[in-house]
Structure formats: structure tokens, C-alpha cells
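Dropping the structures in below, format is C-alpha cells.
Paired with chain B in one complex and with chain C in the other, chain A is shared by the two complexes that follow.
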Partner chain A sequence: MTQQSRFAVILVLPLAIFVAAFFLLPMAQLAMRSLFSGDGTLTYAAILATPRYLATLGATLGVAALTTILTLVLATVVALFLARTRFPGRGFVIALLTFPLAFPGVVVGFLVILLAGRQGLVGTVSQAVTGEKIVFAYSAAGLLVGYLYFSIPRVLLTVMAAAEKLDPALEEAARSLGAGPWRVLAHIVLPALGPALTASGALCFATAMGAFGTAFTLATNIDVLPMLIYTEFTLNANVAVASALSILLGAITWLALTIARSASGSGVAAAG
Partner chain B sequence: MQRTSPLIRALGAGVTFLVSAFMIVPVILSLAAGVTANYFQGIWRSGATIDWVAEVWTLYAGTVFLSLQIALATVAATLLIGVPAAYVLNRHPSRGARAVEEIITLPLAIPGLAIALALLVTYGGFGDFRKSWAFILVGHVLYTLPFMVRSVMAVLAGIDARTLEEGAASLGATPWQRFAHVILPNARPGILAGALMVMTLSIGEFNLTWMLHTPLTKTLPVGLADSYASMRLEIASAYTLIFFIMIVPLLIGLQLFAASLDQTGARNRTGQPAEEIRP
Partner chain C sequence: MTGIAITVEACGKTFADGTRALSPISFEIGAGESIAILGPSGCGKTTALRIIAGLEGPDPGGRVLFDGADVTPLPIERRNVGMVFQSYALFPNMSVIENVAYGLRVRGVPRQPRLGQAQEVLAMMRLAEFGGRRIDQLSGGQRQRVALARALAVKPRVLLLDEPLTALDAALREDLRAEIDGLLRTLRISSVYVTHDQAEAMVLGDRIIVMERGAIAQIGTPRDIYFRPASRFVASFVGTMNRLEGAIRGGVFETRAGRLPVDRADAAEAVAFFRPEAARLTPADGAPLRFRVARCHFLGAAQRVYLDAGEGAPALIADTDNRRTWQPGQETGLAVSASDLLFL
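After this line comes the complex of A and B, so read on.
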């Protein structure tokens, strides 16, 4: 070994030891523990045979998919507007829209309570206007609102960057050939934004699948996968099922992020 | 600049306004509620007070200090582990280096809950380690390490580190001297941006921390979850206010830093998009 490569090994050694001891070994352990339940049955088969687990998996996929679709629609409209309009305070608006990116999920859950909880803004306004107090923070709708809140900034950043790079000449050409605004949108703008929408949509989906803090704070009446893992582990001490569900969840988010990466061609990754 | 129809432009403006309101109104509500004597009566009728903030401080000051302690330790650990590794990964690009980069980025693709569970089933039996704040520190380092490594790698990719180093080598500098006196000073913007990011992420981390904490090792976000579940709205809001006061300067610093790095073109290759942060 040359002096140069010996030096490189020494420099990379602390990272290698840390990752092996605190990531690779624990993940292998988790995979082992997930295989068999206490009574010797195969955990994954048991999960597939339990309607409650399947219902939770379905609900989580549904919430994540709905979050992704709504976020993509809203973020695309906002991104196109911000990319093509210059107005005083534009930078401030962009900062406002992207700042909540670093808010923890628990805080997002609390913000939903302030909006739609028992003492929330929506309830107060609706009571004053119609006499009926609308409270939806602790339902599936509240969960969706929270997921939208943390998804919009992430997706917006990516789509806005892509919208800035659109070539206005293409749209001009389409328009000069007589295409109406919706046709330009459907045939020129959206296809050009395609990779960014796929990448940020997959990222959004993975983030929503794995999000724990928001569901935890809202303690909603619909169960999502991360909450199920948490209750199986802490309340039921069901380590095998919690481990298997974690592996399953990790596989889903990892797959979504792999799609995101191949669409964007760069390293993108995040899950709750 | 574009001949978009006025109707579409008005639609865009309207949606942008509503989405902006959706993002900012709850934050304002939270800030206001933290200094309102009685939120049910409203700030105008019951008046403003800092009593709730003071009460939060007596109840939860410990969580603020523990979070700062863990955040600083996480920064120190990611510097020690991540910066030398980032240099090697940049200097010796190979399939192995790609694989290492992939592996250290995996903790971002796997939900924090799953990683925490893996740590618990492996090290939960080591009582003293399990009960100490070092257990939380390990989780935070795992989660923030990729941000530090890639931040430093991005800057090293932007400056021609190899030529600089060869120059130093031709003058007789040893590998260690080249790393300490050529690479580290040149990587400074990446190290600083990485440290800022790691600090911000560590202070706000909840998913791992909630599983790894004990009643004696409660961090700020853990305390927040606690107060949301069991305290009156004013106290929960005042506590959130304290969290915002800690996190917002870091976020502003990050945005300014990102803007200045963008200008130098240092984020070209592995520049880290902020959307990788998980809620």
C-alpha cells in the first residue's frame, strides 16, 4: 500500500466504523428480527393475513398519493406564476413559501390544530358566520392538510427551478400556430416540467409515507403506517411486526426515491 | 414578459396568494397565541403577556439546553467523521467511493422511525448507553452525516482540489500537511454550510429522537410533542415560539449561504437540495 492510499484509508476509517456499527449492523439486526414472530410464524405472512395491517397500509398509501397529487397541482400553479411574474416582494413570498421546509412534523401538526382544532381559526370563523363550529384537525382531512403543509415547500423548490428553465420561444411558437393557453399548457409546459414533476412527486410521496410527527401530534382517528409501527412497538411490544412493517415502509420509501433519482438524474432522498 | 392571458395570470396570482396564506397564517397564529393571556378570548380582549413564555422556560428550559448540547455534539461528530471522508471520496472517485456515498445517504431514504427501531433492537440492551444522550447523538449523526459529506464534496468538486494538492506535493508537503493546509481552508464554505445544516436538522429532529429518548433525555421537539398533548394551547404556543426563535436565524443563515454558494457555482455537482430534509 502506498503512503497516499494508507492516508486515505485512515481518513475514511472513522466513517466506515460508525456506519458499520450504527447503521449496517442495526439494519441487519432489524431485518433478522422481522422474520419470525414469537410463536414461530413468518411475520410477513401474518401481516398479509391481518386485515387491520392491510387497511392501515392502504390508508397510508392513499393519504400519500392524495397528498402528492394535490401538492403537485398547487405547486405547479404557484411555480409557473412565480417563474413568470416579477413583482415587488417576490423574493419574500418565495422565502415564505419555502421556510416551513425545516419545520419538524410535530410543529406542523400543531399548526393544523391552530387552524382547524377545537380553538382553531376555521372553527372560530365558521361559528361566527354560520353558527356551526367546523373542527377537522383530528380527522383524515386534518392529516391531509398537515401533509400538504410540509409537502408544498419541497415540491415548489424543484418545480420552480424547472419552470425558470422553460424556453419561452417554444410557447411563443405554439401560440403563433394558434394553440390556446390550455393546449400550450398540456403540450408544451407540462411535458417540459415532466422530469421535475416526477422527481418531486416521488420525493413528496416518500416523505408523506414516512411522516410520523404530524400524525403523532394530531392523534387522528385514521391510522398511518408509522403510527402503527410506533404503537406495535411501544404499546404491544410486538417487535417482530414493528420491525417487519419498518422494513416494508423503508422499502416503499426507498423505491419511491429511486424513481425520483432516476427522473431527476441527481441525488435526491428524504423520508419521514 | 410573457403574453399569458389575464385570466390565467389572475388564477395564478390567486392560488399563489392562498397557498402563501396557508403557509404563513398558522405560524402567525402560533406566534400570537404564545403571547396572548387567554387565547379563547383573543389577544385584543385579554391582552398580551410573556407569562406563558416564562412558564415554558421554568418547565422546559432543560430541553432547550439538551437540544443545543446534542446539536453542537452532532456538528462536532459530523465534522470529525464526515470532512475527512468527503475529501477521500472526492479525491479517489471510484465505484467503491460511489457505494460509500450511497450507503451513507440511505438513512435519508429510510424513515427515522425504522432507523430508531433498528438502533433499539441492537443497542437497547446496553443500559448505560441507551439511557444517555449519546444514544440520541448517534441517531442525529446518522441522519445528518450525508448533508455534511455532500456539502463538503460539492465545494471540493467546484475548486480544482487535485491541482492545488499536486502543487503542494511538488513542494514537498506530506499528505497530512496537504489535507490540513490546502484542502481544509479551501473546503471552508462547504464545511460551514454543512455545519449550519447539521445544526438546524439536529435541533428540529423528532422522528428518531422520540423513539430514542428517555424521560431524562428530552430534547426540544420531544418536549414540544409533550406540551401539544398535555398543556393548554397558550403554553404549547409559547414553547413553539421559543423553538422558532432558535431555528429561524439558522434558516436565514442557510438561505443566505445557499445564495452565496450558488453564485460561486460550488453547488453544481452534488449541491444538496434542501427538499431532502424530512419533516
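After this line comes the complex of A and C, so read on.
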């Protein structure tokens, strides 16, 4: 071993120890638990055969997918507008739009309850106007609003950065060739934003899949995967199922993040 | 591909923040004519081009006519103009041939015929074998030729070029300049070429519009602009110009360095301009103007002699043959024909 490579090993050692102690060992144990406690590999089969688990998995995937699509559409529209329009107060609007980044999931859930809970703003107004109280904070819709709340700022910032880097001459060239605004968007702008959209979309999906704080606050009428893991583990002491579900959730999220990484060419991580 | 006549009528441009990029300007471009708009950065030349293109609207009162028809309210996508940008602006998500065929795709030409037509234009630009390449696999010069091919593929009514060669290195710039010149002559398409490079303007413009601070300083053929500049700005911006101060009394231009006969009315203060190639160095004895040589640059084919014009005044420049040698401090005579002297 040359002196240089020995030095490199010394530098990497702390990280290696940390990864082994706090990451690989618990992961291995999680995998072992899911395979060898309870029914062993049958646990996975049981999950896929149990309607309740399947429904939860479906609901989680559905909410995450819908969150991703809506976030991408909303954030792209706003990002394109903000990237190419200069107006007084633009900085303030951006600060306002990225404000939710400051809040943890629990607070986001609380905000959704204040908006659409039993004593919420939407309920009060709808009762005054139509006589019927609209409450959706505790359903999939409430969860969706909560997830949108913390997904939009992240995607917005990424897409805005990408949109600002676009050469305005690209759009002008397309227009000079006869392309109207929608064609320019479809043929030029969206393909150019493709990597940013894929990366931030996958990140958004992964975050929505694993969000716990918001789900914990809101999910009374709907079950999502992180909540299911929590209840199986703490209330039912069903370690095997909790472990298997964790591995499943991890695998799906990891896949989404891998897509994100390969699209953006740099490291990204889920949050929430 | 035949060109159209373009009329720009009182087109000014004031931006939202109140800055005036362009005072109302008017000019005409003949069918098939190539016009070069020349000026320093910030003179409004790009704004003028963008108004013709339809990327910017003129201030109220301005009009743009294509063959007599008012196109002012039409956006660029409905004007059928070809545009070439300094940054090439090639679509990175499309191959070379897809870029060239894009305008035809937008016009609804089916895939096979449009790829065929695009291939023909690529062949014209000597890029026949590059159709399948990605944009990032091309050199700068190739990219700009693809951009030209893309603009020409839709058979535009006018070709608009915004500093297309500025991003290229000097040798390539000259090659592509000659190529664009050949293209414009062959196609006889009307064109507007914006540049800050006077050599490009001279080579490519049938006529040159020189702009200064948002206004037209002069419109004319390259020879007009060079030999008969309308203002001191044009004189000093296009080519090298010598400046000699003095007074005119009784048909004689009197300067610190001597006296020259001129055919002009008396003036207490007069400034004469002349080109370095109009200056002839003569023996000092009996010469009308006498100077000392400040320095001499041997350039190979010619040499450029700098003459000390006295304190505070810029050195006068004389381009002479490459044989004689000149020593700093040496005294020399200078002769300029009266017809080569411009009083501006």
C-alpha cells in the first residue's frame, strides 16, 4: 500500500465505521427480522396477500404519485413564470412560496387541519355559504394538500434554477420557425427542463412515500405505509411485518431516488 | 428563394423601465438586398433587428412592412423569418437533422418529405453526413452552419442574423463570413446582419446602416461609409481615421505642422480627417506638413508609421510601402491630396 492510498484509507475510515455501525448493521438486522422472525419469507407473501396491507400500499403509492404529478404541474407553471418575469416584490413572492420548507411535517399537518379540519377555514366558509360543512383534512385529500405544501417549494426551486439557465434564444429560434407558445413549451422548454423535472419529481415521490409527520397528524380516515409500519411495530408488536414493510418502503423509495440521481447527475435525498 | 422588400417606419423602442433603446428610425431594405447594421454595443442594432423579426414590438406609431403589407401586429411565429443567433440556439434535445427539419415539422410537413428537404439544406451547407449527430458533437463553426441550415429550411422571406460569428475564433469567423456571403449572393434572399465588426459589415452588407446611441448615424454602401462618412462618429468607428486640427484662412488649412491648400470657406476652427492610406510620406524639405516619426510598426505587406502630432494630440498614422526603414525622431514630410481631406 502506497503512502497516499494509506492516507486515503485513514480519511475514509471514520465514515466507514459510521456507515457500518449506524446504517449497515441496523439495515441487516431489519432484513433479518423480516426474513427470519415470524413466518420468514412468507411474511412478504402474506403482505401481498393481505387486502389491508395491499390497500395501504396502493393508497400510499396513489397519494405519492398524485402529489408528484400535481406538484410538477403547479411548480413548473410557477417556476417558468418566476424565471422569466421581473416585477416588484418578486423576491418576496419567492420567499413566501419557499416558506413551507421551514416547517416539519407535524406543523404542515396542523396547518392542513386549521384549513380543512372540523373547525377549519374551509368548513366555516362552506357552512356559511352552502349550509354544508366541508371537512377533508383527515382523508386522502387532506394528506395530498399537506404533501403538496411541502413538495412544491422543493420542486419549485429546482425547476426555477433550471428554467433560468435556459437560453432565451432557444425559444425565440423555435418561434421564428413558426412554433406557437404551446409547441415551444412541448418541444423546447419541457425537454430542456426534463432532467430537473425527473430529478425533483422522483425526490418529491420518495418524500411523499415516506412522510410520517404529516401522515401521523392527518391520517385518521386513510392508512399510509409509514403509519402502518408504526402501528404494526408499536401497537401490534408485529416486528416481522413492520420490518418487511420497511424494506418494501425502502426499496420503492430507493428506486425513485436512483432515478432522480441518474437524471440529475448529482446526489439527492428525501426529506420530511 | 426570392427576397421581399422591408420597410421600417418610425420604429422606436422604450422599455418598461423607461430606458430608450431606440429613437424612432426609418429605413428600407430592397428585395434581395443584404443590409448590415453596424454599431458599438448598446447602440440599438439588436433591438432594431428584433423589431423586424417580431420579437419586440415598436413603440406606438412605428410600423414594419413586408412587401408593403403591415406585419407590425404579427408575432414572429407568423412572419416567416429565418433567424440566426450568436449563441446558435440549436435545440439540444434534437439531432442535427431534426433541428433543420423543425420548422417543416411545425408546418405539418410529413416526416419523410421533411427529412428529405432538411437533408438537401444540410448538403448545401456541406453538412450532409452530420444529420444523425447530436448538437454537442459539433464544433462551433458546424453548429452555426446547422443554425443557418435550420433558418433556411423553411424558405423564409427574410434572413435575420444577430452577431452570428461573434462566438467563433478569428480564422473560423473569416471562413464562415465568406460562406455566408456566398449563400446570400446565391439565394438572393433579403437579409439583415447585425454586427459590431466593420469587416463583417463591409463584406456582407450591400448597404450598411451605422448606428449610434439608438439612432441611425448613416446609411450607405460600404464605399460611401468609408470614403464619405457623414459624421465624426462614423469616420472614427469605421476604419482608422487621422485627425488634424487647425484653421482655414484664404483657402489654406493652417496647422501646427504646416499649411495645406484646401477649397473651403474660412473657419477659425477646423478639423480635417484623412485615412492612413491617403497619407504620403515625402522628404521633409519643402513638404507642406512636417512631423517627427514617433514609431514604426512593420506589418509585412505594409508598414504603419506613427507621427508625433504634438502634445495632447493623438499620433497621425501613415500606411506606407514595406521597403523604407523609419527611425523614431526622424523628420518627414506629409502630403495629403485635398480630395482625401474630410472636414466634419
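The rule is simple: the second predicted complex is superposed on the first by the 245 of 272 C-alpha atoms of A that agree within 3 Å, B and C clash if a C-alpha of one lies under 4 Å from a C-alpha of the other, contacts with A are read in each partner's own complex, and residues count from 1 in each chain.
The criterion applied here is as follows: contacts are C-beta pairs under 8 Å (C-beta built on N, C-alpha and C of every residue); 3 or more make two chains touch, one makes a residue touch a chain.
Owing to the predicted nature of the structure, the values given are computational and were not obtained by experimental measurement.
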| item | value |
| --- | --- |
| Side-by-side fit of chain B and chain C on chain A, or clash | fit |
| Angular separation of chain B and chain C about chain A, which is computed from CA centres of the superposed model and rounded to the nearest 10 ° | 90 |
| Touching partner for A:194 - first (chain B), second (chain C), both, neither | second |
| Chain B versus chain C as contact partner of A:110, first or second or both or neither | first |
| First (chain B), second (chain C), both or neither touched by A:224 | neither |
| Partner chain(s) touched by A:175 [first = chain B, second = chain C, both, neither] | both |
| Touching partner for A:167 - first (chain B), second (chain C), both, neither | second |
| Residue contacts with chain A in the superposition, chain B compared against chain C | B |
| Which of chain B and chain C A:144 touches, first, second, both or neither | neither |
| Partner chain(s) touched by A:239 [first = chain B, second = chain C, both, neither] | first |
| Least C-alpha distance (whole Å) that remains between chain C and chain B when both complexes are overlaid | 6 |
| Common interface residues of chain A - those touching chain B in one complex and chain C in the other | 175 |
| Chain B contact footprint on chain A (complex, rising order) | 3-5, 7-8, 11-12, 14-16, 18-19, 22-27, 29-30, 33, 74, 77-78, 80-82, 84-86, 93, 95-115, 119, 121, 148-150, 152-155, 157-158, 168, 171, 175, 181, 200, 203, 206-207, 209-214, 216-217, 219, 226, 229-230, 233, 239, 242-243, 246-247, 249-250, 253-254, 257, 266-272 |
| Touch list for chain C against partner chain A, complex | 53, 55, 75-78, 80-83, 85-87, 89-93, 102-103, 106-107, 147, 150-151, 154, 160 |
| Parts of chain B lying in touch with chain A, wherever the complex brings them together | 1-5, 8-9, 11-13, 15-16, 19-20, 22-27, 29-30, 33, 39-40, 80-82, 84-85, 87-89, 91-92, 100, 103-115, 117-123, 138, 141-142, 145-146, 149-150, 175-176, 179, 200-201, 204-207, 210-211, 221, 224-225, 228-229, 233, 236-237, 240, 243, 247-248, 251, 254-255, 270, 272-279 |
| List of chain A residues in touch with chain C within their complex | 167, 169-170, 172-180, 183, 187-188, 191-192, 194 |
